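Structures are listed in the sections that come next.
Paired with subunit B in one complex and with subunit C in the other, subunit A is shared by the two complexes that follow.
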Partner chain A sequence: MRIDAFALRKPAAVMGLLLVVVHVALALFSPWLAPFDPTELVGGRVEAPGAEFLLGTDVLGRDYLSRLLHGGRMALFVTFTGVVAAVVVGSLLGVAAAYFGGALDDVLMRICDIKLALPGILFVSLFITGFGESFVVLVTLIGLVYFPGVVRIVRAQALTQVNLGYVKAAQLRGESAASVIAREILPNTLDVVYVEFAIRMSHAVLLLSTMSYLGLGLSPPTPDWGLMVSEGVGQLAFAPWLVLFPAVFISTLVIGLNFGAEALANALGMDASRGHVGGT
Partner chain B sequence: MNRREMIAAVGAALAGLGLKDLVAPEGAFAQAKPRSGGKFVYTNLYPNNRMGDAKNGRHPYYLLDINTRSAFNGLAYVNDRLQVEPELALSWTPAADLKSWEIQLREGVVFHNGRDMTADDVISSFAFHKARTSFARQIDKVEKLGTHKVRMHLVKPNSEFPFILGEYQLMIMPAAPIETIGLDGIGTGPFRIVDLDPKRRLVMERNERYWRKGFPYFDRFELASSPGRMESALNGFRGGQFDAVLGVDPGLQPELERIPGTVISTALSGDQALMILPKHEGSPFADKRIRQALSLAIDREKVIRIVYGGKAGWAGNNSHLTPSNPEFLPLEVRRDVARAKKLLAEAGYPNGITLPTFYFTASWPEIPRVFQVVSQSVKEAGITLPIEQRPSDGYRDWRVEDKAKTRKHRFAYGPAGVRNPGVSMYRMRPDNNESGYWSGPACEEYMKLYDEAVVEPDKLKRKFLYVRMQQILGEEVPAIHPAGRRNMLIHKKNVHGLENHSQFWSIRFDEVWKG
Partner chain C sequence: MSLLEVRGLNIAYRRPDGRLGPAVIDAAFSLAEGESLGIVGESGSGKSTLARALLGYCRPGGVITSGEILLEGTDILRLDRAGVHRLRGGRVAFVPQNPLSSLTPHLRVGSQVAEAVQLHRACGAREAREATLELFHAVNLPDPQRLAGRFPHELSGGQRQRVVISAALAGNPRLVVLDEPTTALDKTTETQVLELVQRLRERFKATLVYVSHDLNVISEMCDRVLVMLEGRVVEEGATAQVYGTPACDYTRRLIAAVPRIDRDPGPLAAPSAPEPLLSVAGLGYRYAAGRRWPWTRRAAAERDALSGVSFDIYPGETLGLVGESGSGKSTAAAVIAGLLAPAEGTIRFDGQPLPPLAAGRSAQTRRRIQIIFQDPLSSLNPRHRIDAILARPLALFQGLSGTPARRRSAELLEALQLDPGFLDCYPRQLSGGQQQRVAIARAFAADPDLIICDEITSALDVSVQAQVLALLKGLQERSGTACLFISHDLGVIGQVAGRVVVLRDGTVREAGATQAVFRQPANEYTRLLVHAASRGYARLPLPPGALAPAA
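Showing the complex of A and B:
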């Protein structure tokens, strides 16, 4: 894997990576940075930003800054865990489908087709209605939503590898299928996997925010940006900052992840918008 | 020009400039004679789940709930003080045993299709209702005593039977076979249906033959249904698209008071949040002391202040009754953290207790806020109350779980509407999920008092029985009712005669007019 360091120095790349780093740092250190417990009722309802509460209070009188800082923690933790699950499972299945082909490939691809044919929001609604809104359910859901895409992309990349000489050589040396996959094919699909991960992360942050906004995501009183937008919408005309602040946090994280994914793809010589290796 | 003429001239000039509020308070101009004609457009934020499976939206069982009474009438009407008054009935007289009720019908009432309403229509309508709703199943048969007189025979005595006749689905429709009755949307109400786009829009026109002479005032009546879409409703209101918004989130009262030209109408009460406490083996709520501790730990005042802006809410008393009910008995002690801690210690939890997850759904916009405040407030008593929101679809069945086998069910929220005590107090019966399948000597005493109340013709004696029943619920805490809403609507200043109601389905539009 060759990395083009120049691509990572472009202004958009620097800005994207900086935004991601800032968000991750805020999320990691939020327990120390947040002035109040994010669920504690510390002030009056809907207080405007001021000296005591820097970003005001929400409809229940909770410190908005503390909730925003903790909100990133949950958004990143849930989406990171879910996307890691999707990428790990999707990559293994994608490589296995490409390597073994035949019935396994057919079955896996049809499962992916069925999943991809289902409207996303319908799948999410059915899943949440059936299993609830706990952390484990949300992580599983994000994993299920994104793994078929990863399977297809990784399979496509792996198919370009399975007939190459070094793979044939390994097979002729008598290496087991697991060994060929783990030592020969997977390392050569990692660039695709990294970019997939970055792209899916930004999608997952938006998905989780949308779900929370629709009442299908994290449950109150968990601080979550999508949920905060949803709670603030009723107050839009009276206290617009209740929608504005979480929207800014969601946007900057998603922009950062998108720029980061684009930069990573460029550095690896890929086309992030298509999610696969470019032709140069 | 003398002083009086001068004041009158200045007043007239300011009124002409739209500054009438400077010279006369709201109401002074409203005393003017009601004006007929024009159009009234409003939006309704209340959900109507029945529209989902409607085969014909015009039927009173599917017509947007709150509008049933615009197209139809019942035999009775329940006003906001929860008093029942005759509507298509002129009067009712019970037999001594309260098992049959003689009902004199109003004469001269005409359906939208021009046909007279008679006893045959009442008999046909109730034949349908008996098959379709539990409210009417207590009616054994309806006997015709004359063209405008019927006798209703009940399965069991019921001292509050006229309230049943005021239920919003039990409307009177032109006689027809049970398969087709009501499908044409023809009633005796103040407006007749012109166009209905289920779930979205309803257009009605004045019923010129309405039995209440001189009413309604509007020529045309339009509803845009926007369940839960508070912001779009308020935008439509601010932009002049709507004359009124019904079912406004009561928590917005402080903010709405700041919108110029807006009149807020709050009912005496409205739905309340019910915490259903499972009492099956292994549930912590099988121990009365834990139920009592949880009830005493909840800061009801805080819920009202934070969630309902201090004005648009009320504290529940662990019964289904509300401040609209004259029988309502406020809790003697609303909060006592020290006693809650003591009760927990006696129950074996001196260091506090972590309760099972409490589930709720946002059937009203403020419900998630209610339980977030509840969950925070009980921490002070050492109670950890994890909460989780669930989707609305299928919530009730999910909540009740396997009722038939073990009566096991979830620690969860249920909405409780406003009705007369005969209906409301029955909801805490032992075989109902809302009571958490309560049992024991106190429950037996409660049901004994209930049986006495339903056959007690004297209103005062009945009230005494209901008070005693509320005391039992306050002491035993089979379920917890932390707080309830006061239904809220807003309208433009030039809208007159629009009054809110604790039963949102009972709002009447007959006497509404625009100045």
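Showing the complex of A and C:
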């Protein structure tokens, strides 16, 4: 893989990667950083920031700072697992569609078309209403929402490979289809797969917090920024920070992921905004 | 007074690490009115960069670091934006290599040229249209009226290049810069375009700068020539003098490397057995046309890609398969290799019928037939080290792995005069010629009886081509491998193949001993090919071991 180190040193890239690192670190170490248990009632309702509770307490009397620090943990875990599933499944299907073509390709692409034609929020709310809000359901949902896009992009990238000399040479050696895909084609789609992963992560974080805000995602009392915004909306006039802080945390994570994806794409010689791969 | 004067020109490209790498170093030359100057060199020599600078242009990332380009006394590098716009297509015109990408696909060719006329002659639409038809007439386009209403993709390659040339003439330029204008064309089409450029040059009294890697073309088109190597002009002078008595060692090597059909190739491997190794009879192939609906049958394409093709290859010999683009020669390679199943005909290999697709052949048969492709970079997986690329056929066909495989890989590289240290490199780190030698090594790793070489030197520079051909010949002689050598270049075929088959539109036009066919072609088409291939020879010095001119 050729990585253009210069693209990673641009200000936007540095900022993006820094934001992602900070958020991931927060999610990993929040149990040790937070002063209180984020779900325990430790004070009065909506206490103002002070010496004991640095950012005050929320509507139920839980330490707000602790909830903020914990707020990305579950969301990142769910989205990460879901997006990994989407990217792994999507890449394998995309490469298979490109390599085998024919009926498999037709059927897969029509399934993707159907999924992409469904209004996203309708699909999400139907799915959640039908299956509940457990961890497995949320991960499955994120996987289902994002795999068709991955299939399409990876298929397009794999299609540029299937007629190249090294693939023909492998076929003429008598290699099995699985071996041709695994050894010759899949490694050459990895650039695209990495960038897809980064872009889908930012989409998924935004989707999950939207869902949580609407009551379709993570359920209380889980500390989650989307939930915290929805819980704090009623107090907007008295305690605007209850909405402001989680919103800032969500935004910085999404911005960081976006800039990080852009930087990764540039470093790999791609154009993330157009989703296409430049010349070699 | 000279029309063009270039002084101390330096051009550099910004490299990924931010530093400048020189592309043209201290170029200086002058060009008199009506003269034609050839710039010849291999890829990366800076010839195109120098030519484009004459229009005040640099590719993105390029910087003209110093120097002057004086056109009729004014330095074009000091012109403002508007001045440069007037210059380009006005006093200096450019004809690029690929005519398809230089024409806008969605505009009719007539209106594209008329736009240039209107812009540079400051005339009305009606007048511009008439001038366009006149230009189309001047470049020998058939039926200009009707052709002007066509889109670029509806024209043939030669016609497109004529349209581009007519657009270049729209502004009555003083200087025309042609950058490899015929490289993308077939030899017979090239002949026509070159003759046209010669005629236009006399008629329009234009001064030419002609960039090419092809010494034959330059010798025919240009009064004077610049030879470039790694950004420097290493030799300059009148064409006849430079070609006749080259002062620079590099020029001498370049001239010697040009494959010529009138050069005696020396002894070629003769068949080592009376029974053919591969026998192809009545081979036919049709590419399927698109389907209208998923449930309808695929209709066959209008024309057969191959039809009734028959030839034999005997053990140890090299058979040349020559033809222009669209002749079906690569299809024939794919069918024999087992990538495509023939529609009709039989292929026998070593006396046995050969199953159509590689998957249906035995491992032994797959080992015995190997193919080498045209583009060396795309035939090597960019993610694998050379080590892994060679290890795979060794493991599959020879049962070698670990240290023995590594040792055999190193031997193969050494046989192709490559440093065994390359085993730990990725293909991208190698030059084109080195990549192609690795591809040859991969084919020979299987210890084949027949190798199919599909235009394997077409993407390489002439000096590299000469080296690759010599190495291939050596390997083939030592191993006794037979070869089906496919090329569009008669000179190359003449160097390697004892017998030749001429293919056109999917059918065999002529077959026989190479020297006999080239010297006395029986077929009209072969005669055209031979004529096109021997252009410009009159002005090149006779090569060592040249044959007497054909009767």
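Criterion: the second predicted complex is superposed on the first by the 278 of 280 C-alpha atoms of A that agree within 3 Å, B and C clash if a C-alpha of one lies under 4 Å from a C-alpha of the other, contacts with A are read in each partner's own complex, and residues count from 1 in each chain.
Simple rule for what comes next: a residue touches a chain if its C-beta (ideal position, glycine included) is under 8 Å from a C-beta of that chain, and two chains touch if they have at least 3 such contacts.
These numbers were taken from a predicted model, which means no experiment stands behind them.
Asker: Subunit B versus subunit C on the shared subunit A, clash or fit?
Answerer: Aligned on subunit A, subunit B and subunit C fit with no clash.
Asker: Based on the superposed arrangement, let me know which partner A:D106 touches: subunit B (first), subunit C (second), both, or neither?
Answerer: second
Asker: So in the superposed three-chain picture, is A:W32 touching just subunit B, just subunit C, both, or none of them (first/second/both/neither)?
Answerer: Touch status of A:W32: no partner.
Asker: Rounding to a multiple of 10°, what is the angle at subunit A's Cα centre between the Cα centres of subunit B and subunit C in the superposition?
Answerer: Vertex subunit A, arms to subunit B and subunit C: 150 degrees.
Asker: Of the partners subunit B and subunit C, which touch A:L172 in the superposed model: first, second, both, neither?
Answerer: The answer is second: A:L172 touches subunit C but not subunit B.
Asker: Tell me which partner A:L216 touches in the superposition: subunit B (first), subunit C (second), both or neither.
Answerer: first
Asker: Between subunit B and subunit C, what minimal C-alpha to C-alpha distance in angstrom results from the superposition?
Answerer: Between subunit B and subunit C, the minimum C-alpha distance equals 41 Å.
Asker: By the touch definition above, which subunit A residues appear in both interfaces, subunit B in one complex and subunit C in the other?
Answerer: In subunit A, no position sits in both the subunit B and subunit C interfaces.
Asker: Help me check something: in the complex, which residues belonging to subunit B touch subunit A?
Answerer: 230-231, 234-235, 238, 249, 251-252, 254-255, 258, 302, 306-307, 309, 362, 365, 368-369, 371-373, 375-376, 387-391, 393-394
Asker: Quick check on the complex: what are the subunit A residues that touch subunit C?
Answerer: Counting only subunit A, the residues touching subunit C are 1-2, 4, 6, 106, 164-166, 168-175, 183-184, 187-188, 190, 280.
Asker: Under the definition above, what is the set of subunit A residues touching subunit B in their complex?
Answerer: Its residues touching subunit B are 39-41, 45-46, 59-61, 125, 128-129, 132-134, 215-216, 219-221, 231, 233-239.
Asker: If we count contacts the way the header does, which residues on subunit C are in touch with subunit A in the complex?
Answerer: 16-18, 294, 337-339, 358-359, 361, 363, 366, 370-371, 373, 375, 377-384, 389, 392-393, 396-397, 428, 439, 442, 446
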